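The following blocks contain the structures, represented as structure tokens.
Look at the two complexes coming up: chain A is in both, with chain B in one and chain C in the other.
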Partner chain A sequence: MALEKQRFDTLILGAGGAGLNAALQLANADLKVAVVSKVFPTRSHTVAAQGGVNAALANVLPDNWHWHMFDTVKGSDYLGDQDAIEYMCREAIPTVYELEHNGVPFSRLSNGKIYQRAFGGQSQNFGGEQAVRTCAAADRTGHAILHTLYQQNIRAKTHFYDEYFAVDLIKDDEGVVLGALVLNIATGEPLLIESKTTLLATGGCGQVFRTTSNAHINTGDGMAMALRAGLPLMDMEFFQFHPTGIAGKGMLITEGVRGEGGYLINQDGDRFMEKYAPNAKDLASRDVVSRSIVTEVRDGHGCGPEADHVMLKVNHLSEDVIAKRLPGIRESARIFAGVDPVKEPIPVFPTAHYVMGGIPTDRFGRVMPTSEDNGAHLPGLYAAGECACASVHGANRLGGNSLLDILVFGRLAGHNIIDYVKDNGAHRPLNEAAVEQAMGRLQRWRTKGEGLTVSQLRNEFRKTMEDHAGVFRVEEMMAEGVEKVRQIREKLGDVRLTDHSSTFNTNRTEALELENMIDVGLSIAVSALHRKESRGAHSRPDYPKRNDAEWMKHTLYWNEGDKLDYKGVRVQPLTVERFPPQERVY
Partner chain B sequence: MKFSVYRYNPELDNDPYMQDFEIEPRQGMMLRDALLVIREQDESFTFRHSCGEGVCGSDGVNVNGSNKLACITPLTELKEPIVVRPFPGRPVIRDLVVDMSRFYAQYKQVDPWLIRKEPMPEREILQLPEERDRLDGLYECIMCGCCSTSCPSFWWNPDKFLGPQALLSACRFLADSRDQAAEERLDKLEGPYKLFRCHTIMNCVEACPKELNPTKAIGHIKAIMLKDAI
Partner chain C sequence: MIIQDSDPSNIARLRWQCRRGMLELDVLLEAFLKQHYVALSPRLKRHFVQLLELPDPIIHAWCVQGQQPEDEAFAELIASIRATRVA
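Coming up: the complex of A and B.
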């Protein structure tokens, strides 16, 4: 049977905040845009973002984008590109207003303006008093934003391919991306989508770790597609462990809890963050708080019968504040930890949460294929959101900057695509050989017989990543991890599906996801092994100091031969003075 | 723990059937965790799920006769044998996976987006906290479908009655002080079926995993219509 083909001006892979905000700009400009998502759009993981989105609106306390920029550069442990960070912090303000105009039900202040709360790593006046910068819709900000963006895309008549799984990018011999092969999950039929421009907006990869705040769908599909297309991933060693996941389970308890006045205690009831971050305390940067919790537990100060977690105390706040500002958290704590935070503290421990690294892009969302910093980019290919690395988070992302990143760069990628399509109006000829190659990825899983199951190898892989690439990393542990993940990659050949039907075959999509996760997991393990310093979320007891002389540079990883290369940090902002590296204390 | 699970693969089975499974419960286990354990026993067993914390709305199923979100339903709340079926009244694609396209189409029919006729201000549109409070209980819907697929009016007239989810969404925009299309929204809901087919059976309220109240929202829309008519 002939392969079905469809043509669009733009193909967007992923329907989270980045994909939908890009789609909205494009559909409003009357471009023919297709959004492919492996789940119905409002199931995308943006929906789970809780605390809010940063923008220096100054609705509560004085603020400006320049202070926001300083905090982001410092939070990145000076690995973020300062031109991209300046751009993001300036664009934050119109981006949030546009979202509000589109209907996002933000919480409100008594004067009718958007409610803002304090979050970690925020300051006034370049490191001074705590700032109040995070725009929130109670503790359901991601839900409010994702649903609004979906609603506006319905209005704008964006064409959605719901429950289609992206298999691989299709490239021509010059390396230009021509679209993607996708799979209709319900029928098992492949479909070729040809496009003049393609935006990867496939989100994160937290499922590579066993304990994670991330959803089942966060398997790094777009990052793995980029690797298979011969593109690098940047700064993959920087993986954020959120300080407050529900202990033993991993579901997120927003930093907004601490922003509203909650704090952490150990088994003695001590407010231990005072020791590790005397000024910012519980609102220090996430990497700092996560390390402090793990250190407390390792030193025997943990709570519970196994002394394996700490407690997040909220019950000194009024029931009214909790009901109004943190209703979702109260619900989660009751369901998953069996405690009502109005009465008792919540047991918490760090949980794998967010990848700072990703597909390298410039600040226009264009994918950069090499380690040369000469502006070279792949024409027509864009990436935005958690799968991309602009790089605005560097070695550690600040809370509230993730929604910001996806919304700003999704919107901006949309605008840049509109300009690109004006000048490049024609589809390029299809490369049949590349289509065959992508089809081969599906063909491989038709092999029948005895073998490992997908879940067996997935469990082994996720445990390995957790054991060997977690909060603290030493040489031998990581080298062993790399070796193990390589062996797991070999074992993929022994995995067989037990289900070979066409209709809604989740055994097959999970096998494709496992391939993606292993490729992405290896990029994390290999990049981490080679960075011999401690910076942001990458914490090495054997190299405890940041080493700017040798390591103030981005890692690039290619999967062919696990090759690494490096490129410099862009320290020159667009219009202001650069922020030179300083010792990072909170 | 004993489970009886609905199975149907249109490529292999002439008719759906119930299959028994037994699993070892762990402390704090949710229904979704149990379904995942069953899936490890039989990788062909198919259901939708994603976030695992009750916000994405993927894993609505019918368990012991009620529609629930599997990921936030503790096993301790369920009587054995635990009978798990797909949502009632929707065509089954496979096992617990149903075709929700009608449900999504009904949502789209209420123009579920903010409509503003005045030019936008430079900054945010102002909204007082008490105005914003009117959206509470309406905007939190996760579109899981537990309500609409438990509604007898929806089962009998899915082509004419919009169902509790879509009507809750309609109410969300009618309640928004920023929205400027109330009249058009109400006009679209006129007639004997779209809105008025709700007979206040209140299965939707029972089923909603987010503790929202679509029946109340529907009553609220009816009240506005009545007031406008006078």
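Coming up: the complex of A and C.
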């Protein structure tokens, strides 16, 4: 049967906040827009963002974007690009107002203005008193934004391909992206979408680690497509871990539990944080607590039959305190850990939460294919959201800046695409060889016979990533991890599907996702091995200090030959003085 | 209706629709589908299909946070989902 083809001005892969905000700009400008999403759009991971969006609206306390910029540069441990950060913090304000006008039901102050709450890492006056900067819609900010953007896109006649999986980008011989091959999950039929411009907005990749707070859909699909298209990923070694996820499952147990007096114990019942952080103890910073937990487990003090986690003790608090101050924790622990925290401690382990790195872009969402900092970008290809790296988070991300990143850069990518399509109004000729190559990725999974199952190799891979490229990063262990992941990549050829049906074949989709995760996992493992310093979320006990002289630079990883290169941090903002590196203390 | 609900392709469709934006729902709904769906009454099967059409925060509030559904018809299904073993 002939391959079905459709043509659009713009193809957007992913329907979270970045993809939908870009799509809305484009559809409102009467461009013909296709959005491809492997799940129904309002089930994208943006829905899980509860906290809010940072914007210096000054609705509660004095504020301005320049203070927001300072906090973001400092939070990035000086690895963020200061031009992009300035741009994001300035654009935060019109972006939030545009969302308000589009109907996002933000919570309100008594004077009618948008409600804002205080989050960690935010200050007034360049490191002074706590700022109140995070705009929220109750505890459902992500859902409120996603739902509103989806409805507005329906109104604006964006074309949605729901439950379609993006297989690969299609490029011509000059490297220009012509669209993508996608797979209809419901029927198993491929579809070729030709487009003048393509935006990757496929979200994060937390599923590469065994323990993650990310939804199952977060498998780094767009990042892997970029790698296979010969593009680099930037700063992938910077992965934010939350210290207390439910062991073996990953669901977050809020820091509020330790704030209310909960504490961590090892298999002997010892309160081990007293040893690692004698003053702050269990309230030490996230990276310190995460590393302490992993150290206890590695030293043989872990709990459970596999001695692979520690315990979070709250049962010394009264049932009344737990019910009043920690609502939801008891239910989560009961359902996902099988324990009642009123009676027993909760098994916990650090959980992978957010990747700061991704597909390198400039502040207009244009993908930058080289390590040259000369403004070169790939015509017609854009990336935005967690899959992208506009380098606004650097080595660590502030709370409230992730929704901001996806919304600002989704919107700006949309604006830039409108200009690009004005000047490049025609579709380029299709490259049949590239289409064949992408189809080959599907055909490979038609091979029948005995072999490893997808879940066997996925379990081995995710455990390897957790053990060798997770929180605890020392040279020998990471080098071993890189080799192990390379061997796992070789084993992919031995994997066979157990289901060859056409309709909603989850086994096939998970196989395609596993290929993506392994490619992305290697980018993390290799980038982390070679960064010989500690900065932000990347912590090396063998190189415990930040080293600005040698390492204030971005890592770029290409999967061909696992090649690395580096480029300098853009320290010059657009209109203000640069913030020179300082020790990052809070 | 019962035969249709047990159709493997329908189970496959529901399995994909248990892929949500929140990890908690992924894990809980998928485990429930695998362990209990086939044995449900036609009425509860219908409710499960309807539940999957709802926004994630509502399903989360009922299934994870323990809030009671305003629609009593869902109460029995939600109680079963909350009792699912996810280990």
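Following the convention adopted for this analysis, the second predicted complex is superposed on the first by the 480 of 586 C-alpha atoms of A that agree within 3 Å, B and C clash if a C-alpha of one lies under 4 Å from a C-alpha of the other, contacts with A are read in each partner's own complex, and residues count from 1 in each chain.
One rule holds for everything that comes next: contacts are C-beta pairs under 8 Å (C-beta built on N, C-alpha and C of every residue); 3 or more make two chains touch, one makes a residue touch a chain.
Keep in mind it's a predicted model, so treat the numbers as computed, not measured.
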- With the two structures laid over each other on chain A, which partner does A:Ser110 touch: chain B (first), chain C (second), both, or neither? first
- Specify the partner with more touching residues on chain A, choosing between chain B and chain C. B
- Looking at the overlay, what does A:Val39 touch: chain B (first), chain C (second), both, or neither? both
- Task: With the two complexes superposed on chain A, say which partner A:Ala215 touches: chain B (first), chain C (second), both, or neither.
- Result: both
- Message: For A:Arg140 in the superposed arrangement: first (chain B), second (chain C), both or neither?
- Response: both
- Message: With both complexes superposed on chain A, which partner does A:Thr498 reach: first (chain B), second (chain C), both or neither?
- Response: first
- Query: Does chain B (first) or chain C (second) touch A:Ala376, or do both, or does neither?
  - Reply: neither
- Item | Partner chain(s) touched by A:Ser332 [first = chain B, second = chain C, both, neither] | both
- Message: By the touch definition above, which chain A residues appear in both interfaces, chain B in one complex and chain C in the other?
- Response: 39-40, 42-45, 47-48, 140, 143, 147, 186, 215-217, 249, 251, 328, 331-332, 335-336, 338, 501, 503-506
- Can you check the complex and tell me which residues of chain A touch chain C? 38-40, 42-48, 140, 142-143, 146-147, 163, 185-186, 212-217, 249-251, 327-328, 331-332, 335-336, 338, 501, 503-506, 509
- Query: Touching chain B in the complex: which residues of chain A?
  - Reply: 39-40, 42-45, 47-48, 57, 96-97, 100-103, 105-114, 137, 140, 143-144, 147-148, 151-152, 154-155, 186, 215-217, 249, 251-252, 328, 331-332, 335-336, 338, 453-455, 497-499, 501-507
- Any idea which chain C residues touch chain A in the complex? 8-9, 12-13, 15-17, 19-28, 55-57, 64-66, 82, 84-87
- Note on the structure: In the complex, the residues of chain B that touch chain A are 9-12, 28, 39-40, 42-44, 46-58, 72, 74, 93-94, 97, 100, 104, 108, 111-114, 116, 120, 122-129, 131-132, 135, 139-143, 176, 178
